[in-house]
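So, here's a batch of structures to check.
Each of the two complexes below includes chain A, the first together with chain B, the second together with chain C.
== the complex of A and B ==
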């Protein structure tokens, strides 16, 4: 029981971490709250479903097609709709929400509002500490670890990563230092979409694939990102595992927990914010303080 | 007295095309049941009236203080459930449950303020988003008391007939909109809240520096907005005779933002226009069972959310200030000297004679 709990908490926290890091990255760089973020997860999951079950392709081609298609959709929608109104915070939120609705409705029109499933990437299970652990769970944890490590290396060791962090700190100064800010924004958007679609590809077999599947993770990652401090990648990473742990613990150990899981996770967020209004690792500028 | 009223009407309403249109529109609303009494049309219009109260109260809380609330359905749902529970366990009738529900929503507004007043910007939006979802989880966890997924049904109707329902909601709507419009009128000589709320939105630190207790006014905005949203929630529950989880849903919170921003944020009448245009339009699309192209299985009515979202995107990209505000700016021009609104076809200001060009 306890081992299963640990595995489940790691998987949930890891998937939330993938989503939250992307969300946090795009907020930090472009100062936009992208409510369509988790709909990339939904699109990638549908991509897996369509390419394997409908087209009959093998898993690796399917992964490649889903990933590339989702990134392209993300970049195109950013370029067409979001780029020109980036300064208006509320408008960006509404447009990304409308985009998410459009993605959801297109999936309903294309595949119907039925529950679908996607293929497991590695079938079967192993026995670890006398519990059955599906390979898919282990794979998810491994993918999360590798991708997050890759993100960390990208952001700290490469020129591109330094440019991204410079833009996040101060876009104007970064522009003066010769960084092409609008290209950096596009790259950040691409990375965020890629992280979301990787999350979608690994969790598609574990969750149910249906057009409304973007809603509940969206609420959870917003709680995570706020908890960690908006724009702070380290903060959202830690907060993802806190919220994932709370959620799984509620489901495992409370009666009626499946109804209360998001409620209690959100309650934890509200309480932490009341104690620390800027989140765990958020930055507060002196002139912004009340 | 009468002469003064007449003069006010001539000066303040007839001279400004936007207000003239609003007046004619509201008078027309009173005559709709004389033209048609069809059940379905009145049903849609009653819901429109209820949602107008709701949308205007969102504009009051979020538009005027600049604190974008993503969880306005919290007030709506609290009031709907309070009304339903009071009726189910104490047997109270609508005339008592609706005001009590609104008071419960006011208290909910105070509770929401505890975290909300410490936070700002996106943090505030996300905490307000969390509130209705937390309540929803609690409601679903205790299905014996709250009815769980199915909600509480079998409430008494608002009144006996559809027509009296229509007039009740219409009058409540007009009164609420008028009160909130007056409270936010920045040029009013009687109430100062309008100009103070504007000041808080533009620059909170400057407002504090001039000695305004901004916390008190934000609290005030949450309480008033909560009260009117609660009024809408109570009316909704008694009109549909059910209070269910849909009243707390995230979609409802976002819907109200879309209506308001579509019409024009920070302008009360924008929210009214938004609901009166978008809600009937959605209902119309629902009825529109025509294939997209001949022989296709997909109907226009299946695509209504798609069309709706595409329209919202187009409006936001090309008229970011909202449809109603965009039209008003085409019809009216402000006098550069005395700041009075004038019809845009006038060459000189109607009060001070300054050239408008």
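== the complex of A and C ==
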């Protein structure tokens, strides 16, 4: 029972971590609270459903199409709706919320509000200490590790990454240094959409694909990002596993109240924030970012 | 220029207000309000069932009322009750006050039907509920007849009868498991109860926890995930750790899909039998990617099972017109046809005249014989006035199981059960299939 609890906590935390990384990144580097983040996840999930089950394409082609299409939608959305008002944080939140709703209603128009499935990338399960864990869950954890490594390399070892970080620290100075801030933010938006899309491709097969699937994870990942400290990827990662641990503890040790798993996880978040308002790894100095 | 735009704007508003009033009034129609969560399968089925009935009635000339033929006109109202039960009351208010239907059919989720019921009763409008089980809805008829007498049930029977049927199905599966797995007579089967946290499921859970031990089985735990939970892997792992033979679910929301899909993916070695509304639909197989195989659920329709002489023609028509299999809320078909008969008998659309006739009606529907429990002391709990009667020869429901991509009827099985259920012999019922993972884990060689 205890090993089942520990393994499940890791698995649940891994899923949340993958979802939170992209959200945290776009806030950390572009200072943008993108409420449409999980709707890109939803679009990618529908992309996988449509290209595999409706068009009959193989999984790898489906992944490529879903990923590219989601990134394009993210970039176009940014250019058309967000770029010109990006200085106004509240407006950006409202616009991204409106975008998410538009994407949701578009999926209803296209596919109805029916429950669909995205194809499982690795079917079956492994037994770890006599506990069944789906390969898809293990894949999720592996993808989290790869994504984090990739993002670290991009942001610290490439010129583009340095430009993104410079823009995040002070857009005005970055502009004076010859960095095209508008283009850098566009790239950051593309990366965030790509991360959401990857999360959709990897996580959606575990869930049910439907037009409202973006709402519930949005609340949880916002909680995780706030708990971890706004903009801190390291903090988000740790917060994701804390939330996962609390949720699974509720299911295992308070089964009759398992519907309260999210509420209790959010309560734990509130308690931590009361003690430490800046979150676990709240940024005091810009250099601490990442 | 500003003045010009202002004049244009005012003109458009005035035109929008005046033109509808100038349109020629449509007479000789009976308006039927169809209310449900129209973006979802349940609302779609409400609408589709009503459309079939409307087409059938209108093609045959309409409803014969006072020497004239009236055509049925349907009005669609989206209650959005799955996502937001609070929207339902506003939708009903708009439907009744703006569209002015002669009666209303539909409703799905208890939390949405309660406020819709209040609005309909405020306007003394007949409301035929085709979706919410909760007895408390009907209990209002008992406690305040004058106000709530306009509220009737068409489907399903109340949650106490649902749970009673649930236990009958559970007993059947337990009997089959014990026999086919060669389990010792003394061994108690272990049952895990899993129910979404919604009002209608609360009473079912309480009853299940009390009744399952009386059936000679052991309850290993009760789990209550949210009806919209996206991941129940933790619940499944906790359940698997308790080693149950049977999982007894009560799900009406999307969690039913997630649960079946993840249980199938992890090959949890337990027979799943209970109520999974999503598993009643043809889309379940696709939504779970086939991993919902062997899930058994209480249902209303099954492919090829003739509950009454009307069932198979209805199923064929529905599949032909809509390309899918109906779920239980498509009983709106029966509601419209039943009301046609009542109106023709009453020769009136006055609810005060129609209500006593509905109370005394006997209507052979696609799912059984619809008769209502009478108002008065003869109706004892869990029966309730204006609720449909339950039992052999009336409405029984079906137990259906997903068997390799097909939704098969497996209960009532002739020879199994008591109280007359053992004598039921619906054509098209097939034997229950034990999931291979259960055989592999529990079969005594």
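In this text, the second predicted complex is superposed on the first by the 272 of 290 C-alpha atoms of A that agree within 3 Å, B and C clash if a C-alpha of one lies under 4 Å from a C-alpha of the other, contacts with A are read in each partner's own complex, and residues count from 1 in each chain.
We adopt the following convention: a contact is a pair of C-beta atoms (placed from the backbone, for glycine too) under 8 Å apart; a residue touches a chain by one contact, two chains touch by 3 or more.
Keep in mind the model is a prediction, meaning the values are calculated, not measured.
Judged by the touch definition given at the top, the superposed model places A:47 against neither chain B nor chain C. In the superposition on chain A, A:74 makes contact with neither chain B nor chain C. Applying the stated contact rule after C-alpha superposition, one finds that A:248 touches chain C and leaves chain B untouched. In the superposed pair of complexes, A:259 makes contact with chain B and with chain C alike. Of the two partner chains placed by superposition, only chain C is touched by A:132; chain B is not.
When the two structures are aligned on the shared chain, A:14 is found in touch with neither chain B nor chain C. Once the two complexes are overlaid on the shared chain, A:200 sits clear of chain B and of chain C alike. Look at A:228: by the touch rule set out above, it reaches neither chain B nor chain C.
Chain A uses residues 108, 256, 259, 261-262 to touch chain B in one structure and chain C in the other.
Chain B contributes residues 68, 114-115, 118-123, 125-127, 129-131, 133-138, 140-141, 204-205, 250, 254, 257-258, 261, 265, 298, 302-303, 305-306, 308-310, 312-313, 316-317, 320 to its touches with chain A in the complex. Listed in rising order, the residues of chain A touching chain C in the complex are 1, 4, 7-8, 11-12, 15, 53, 108, 112-117, 119-120, 123-125, 131-132, 134, 136-137, 206-208, 210, 212-213, 216-217, 247-248, 251-252, 255-259, 261-262. Every residue of chain C that touches chain A in the complex is listed here, in rising order: 39-41, 44, 83, 196-197, 221-226, 228-231, 233-235, 237-238, 240-241, 254, 257-258, 261-262, 265-268, 278, 283, 286-289.
Interface of chain A with chain B (complex): residues 27, 33, 81, 84-85, 88-91, 93-95, 97-99, 101-102, 104-106, 108-109, 215, 219, 222-223, 225-226, 230, 256, 259-264, 266-267, 269-270, 273-274, 277-279, 287-288, 290.
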